[in-house]
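Next up: the structures, one after another.
Two complexes are shown next, each including chain A; its partner changes from chain B in the first to chain C in the second.
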Partner chain A sequence: MDSALIPRGVKRCPTWQFALWIGAAGAVLLWGVFAMLLCWFKGLNQTNMNDAYGFALWIWADLAVIALGGGAFFTGFLRYIVGKDELKNIINYAVLIGFICYSSALLILAIDIGQPLRGWFIFWHANVHSMLTEVAFCLTCYFGVLTIEYVPLILENRQIDKIPFFHRLGHNMHEIMAVFAATGAFLSFFHQGSLGGVSGVLFGRPFGYREGIFIWPWTFFLYTWSAAACGPCFTILITKITEKITGKKLVKQNVIELLAKISGWMIGTYIIAKIIDTWYWAKVTAPAAGFNLMDFYSNNPFYGIWILVLEIVICGVVPAMILISEKGRKNPAALMTAIILAVLGACVNRWVMVLQVMAVPVLTFENWVMYYPSWQEVATTILPVAYGVILISLSYRYLPIFPQEQELNPEA
Partner chain B sequence: MFPFCFEWMWDMSHMVFMGGLWYALTIIGLGMTFCIGKAFYDTFLDKGKDDHHH
Partner chain C sequence: MKEEQSKEKVKKFGMVIDLDKCTGCGACMVACMAENNVPFKEDESKKLDSITWLRIYKLTNGKPFPDADICYLPRPCQHCGGKGEHGHSPCVSVCPATATDYSKETGIVSQIYTRCFGCRYCMAACPYHARYFNWWDPVWPDGMEKYLSPNVSVRMRGIVEKCSFCFHRYQLAKDKAYFEGRREIEENEYQTACTQACPAGAIAFGDLNNPKHAVYELKKSSNAFRLLERLQTNPKVYYISGREWVRRAGDNYLKDEKK
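Take a look at the complex of A and B:
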């Protein structure tokens, strides 16, 4: 039925099967939309946020998807600025994943601000002393860049490409893509950093507070670094999941291994910096504020020292060691383990820097404050996942996302 | 926010923040204007129809 829209030389599942798949994801999406409408029409009392938790599940999800979407800016940087030509075979997918991550982040923010009709206030009535203003600026601009990077892919659809204007527009956009990629890398550096800066400047919250250089706490640089390190792992992970679902090889192993190797070195250097930062914080910064390390990891039902070990050792040192070694990258099981751990590591890091910061008591008469998200918060956090599944499915079916697909699957 | 808005102040924070925003938007805007303008021009003159970008 839709065969005229499917790229030449590749095979796709029957329309009924595709419709069923989209329908299943659509049902989850509608559940999320229902919860979103509840939050918009009834207000933020639909959430379990309170005076202790002004930042909660949504902001964690925001920070996590922005970190994982960092694969787009870093892969673009490597492809267009550094000149790693092999990455042209995965850059389309990295852009698509980045587009989904950033549009999801903006959607979550639109729910979180409670009154999305006033979302433009942050641009017009900007608080120029807030790191979050810079985040909003860069996030929006970078989403614009990702849209510009995604549009040429849409224009390459078989039917759209037949229209002379769109064919030339797509070509022109490809020609100057390096300019957009450089702009994207610049914007990403600052908003990833400022997200880290938000917890780092909280001098009233010793768990998050860090010293730094000039106006930037160390968390500013660690966030950018970790996004550049773990983002490509998320791109590889989604590529592997897509290959599993479609039953096809979509990207050559040498491309995956190159990205994994770069990611491994980035994670390795990041985790050394993170260990130094954690050690200095535990030995100098926190004691100066009257806290010992174990004050942050005891006397509560959830946050033990295990979460620090999980973040730094299991999800940091281990994936770095696997991805740096050639043997590790060539072993499919080890590679998969490493990329899952790296993705988990970024998520755990954002979790502790958003939610554990809020949970830790600051004053002597305070207790730990635990937080459990409401079903509306969970549904609206799952909503972007369903949206991502739908957009990836549509893009995979109708757009030439994987340049090597035809070569790797000649029987199609 | 523009300098003619009542909230504007000529201080470093406003100039860096808003200047950075306009700078990024200008690059993105000029880039897209060039792409769209050239596509119109080439289409009108029937140039570049065999260009491929793979």
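Take a look at the complex of A and C:
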């Protein structure tokens, strides 16, 4: 039925099967939209947030998807600026995943604010001292860049490409894509960093606070570094999941291994910096505020020292070691394990830097406060996942996202 | 008027609370809520989303009878001056929309309700939990709207609010002084509702820079301390207690660390 829209030389599932798949994802999406409307019309009393947890699941989701969407800017940087030409075979997908991650982050932010209709105040009444201001500006600009990077892909659809204007527009946009890749890398450095600064500047919250250089706490640099390190792993993970679902090899192994190798070195260097940062914080910064390291990891039902070990050792040192070694990258099971751990590591880091910061008591006569999200918070956090599944499915079906697909699947 | 204002001395309004006088009666909390049109819920049992600009904490020394001791600690917004008195208090510096402001003229941290869009970054930044989010629109019992203060705007759902040191009273006192041809206001012309309501006289309020005001001397007491001074938030609320364990409860110390 929709065969005229499907790229030449590739095989896609029957329309009914595709419709069922989209229908299932659409149902989840609608559930999320329902929860979103509840939050907008009834207010944030629909959540389990409270005055101790001003930041909770949504801010974590924002920080996590932006870190994982970092694969777009870093892969673009490697492809267009550093000149790693092989990555042209995965850059389209990295851009699409980045586009989904960033649009999701903006949507979640729009739900998360108490007065959504005043959201534009962040631009109009901007406070230059606030990390969130920088996040808002850079995030919006970078989302614009990602849109510009995604548009040429849409223009490559068989039917759209037939129109001479769109054909030439797409071609010309491809020609200047290096400029946007550079712009994206520049903007990403700042907004990834600013997100790190969100908790790093909180000098009233000793668990999150870090010293730094000039106006930037160390978390500024750590967040940028970890996004560049773990973002490509997320791109690989989604590629592997897509290959599993479609039953096809879509990207050659040498491309995956190259990206995994770079990611491994990035995670390795990041985790060294993170260990130094944690050590200095535990030995100097926190004690200056009257806290021992174990004060942050005891006397509560959830946050034990295990979470620090999980973040740094299991989800940091281990994937770095696997991905740096050629043997590790060549072993499919080890490669997948490392990639999943790296993605988990970024998520755990963002979790503790949002949720645990809120949980730790600062006044001596207050106690730890625990939190679990309401179904509305969970639904609105799953909403972007469903939206991502739909956008990836549509893009995969109708756009030539994977340049190597035809070569790798000649039977089609 | 602007020119006249600029000739005024820079003020630093603050509070000194004598914890050894406080009985924990809660009159200050009630006065604060009534004065500032603070909304309340039908069921106030869940305190984590209740709005209490001024909250009284009950502290204990953790010792068994007969050494057990308690202390009630009223905690308004601390109106932090931030590191180096630059006005970069934890909350002011993080607000992305400049909806909270530090006044260099009064030292008061204000909240602009109509500009706040409810991101709650300030709440995450405040170590004193002095900031509260309006999770609901305010609902007043029938007829109570008539008893609301006309000098303080009620707040809508989805924004943050906090203690303002009854700033509207300062404005009223300034207006009165202006019409009477005076430039300065007297100490008793601007007092917060909690200060006036305290039956034990535990709360003193005034200009911390002004030697004529009681707080000027009180804050110099050897028993005076501020909450979480080590974080360098630089609060303008001082506490006094002759009890060492109470003073020590004001901040975090490493095990075996001497104050």
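FYI, the second predicted complex is superposed on the first by the 411 of 412 C-alpha atoms of A that agree within 3 Å, B and C clash if a C-alpha of one lies under 4 Å from a C-alpha of the other, contacts with A are read in each partner's own complex, and residues count from 1 in each chain.
Following the convention adopted for this analysis, a residue touches a chain if its C-beta (ideal position, glycine included) is under 8 Å from a C-beta of that chain, and two chains touch if they have at least 3 such contacts.
Just so you know, these numbers come straight off a predicted model, no measurement behind them.
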Which of chain B and chain C A:201 touches, first, second, both or neither: second
Which superposed partner A:34 touches (first chain B, second chain C, both, neither): neither
Which superposed partner A:358 touches (first chain B, second chain C, both, neither): second
Partner, of chain C and chain B, that touches more residues belonging to chain A: C
Touched partner set for A:287, first chain B, second chain C, both or neither: second
First (chain B), second (chain C), both or neither touched by A:279: neither
Chain B versus chain C as contact partner of A:129, first or second or both or neither: both
Interface residues of chain A shared between complexes with chain B and chain C: 124-126, 129, 133
Partner chain A, residues of chain C touching it in the complex: 46, 48-50, 57, 59, 73, 83, 88, 90, 93-99, 115-129, 131-137, 156-160, 227-228, 230-233, 249-255, 257
Residue ranges of chain A touching chain B (in the complex, touch as defined): 123-126, 128-129, 133-134, 137-138, 141, 144-145, 148, 152, 164-176, 179-180, 183, 186-187, 190, 403
Residues of chain A that touch chain C when the two form their complex: 43-45, 49-52, 54-55, 112-116, 118-119, 121-122, 124-127, 129-133, 136, 198-199, 201-206, 287-292, 295, 357-358, 362-366, 369
Chain A contact footprint on chain B (complex, rising order): 1, 5, 7, 13-14, 16-18, 20-21, 24-25, 27-28, 31-32, 34-36, 38-40, 42-43, 46, 48-49, 51-54
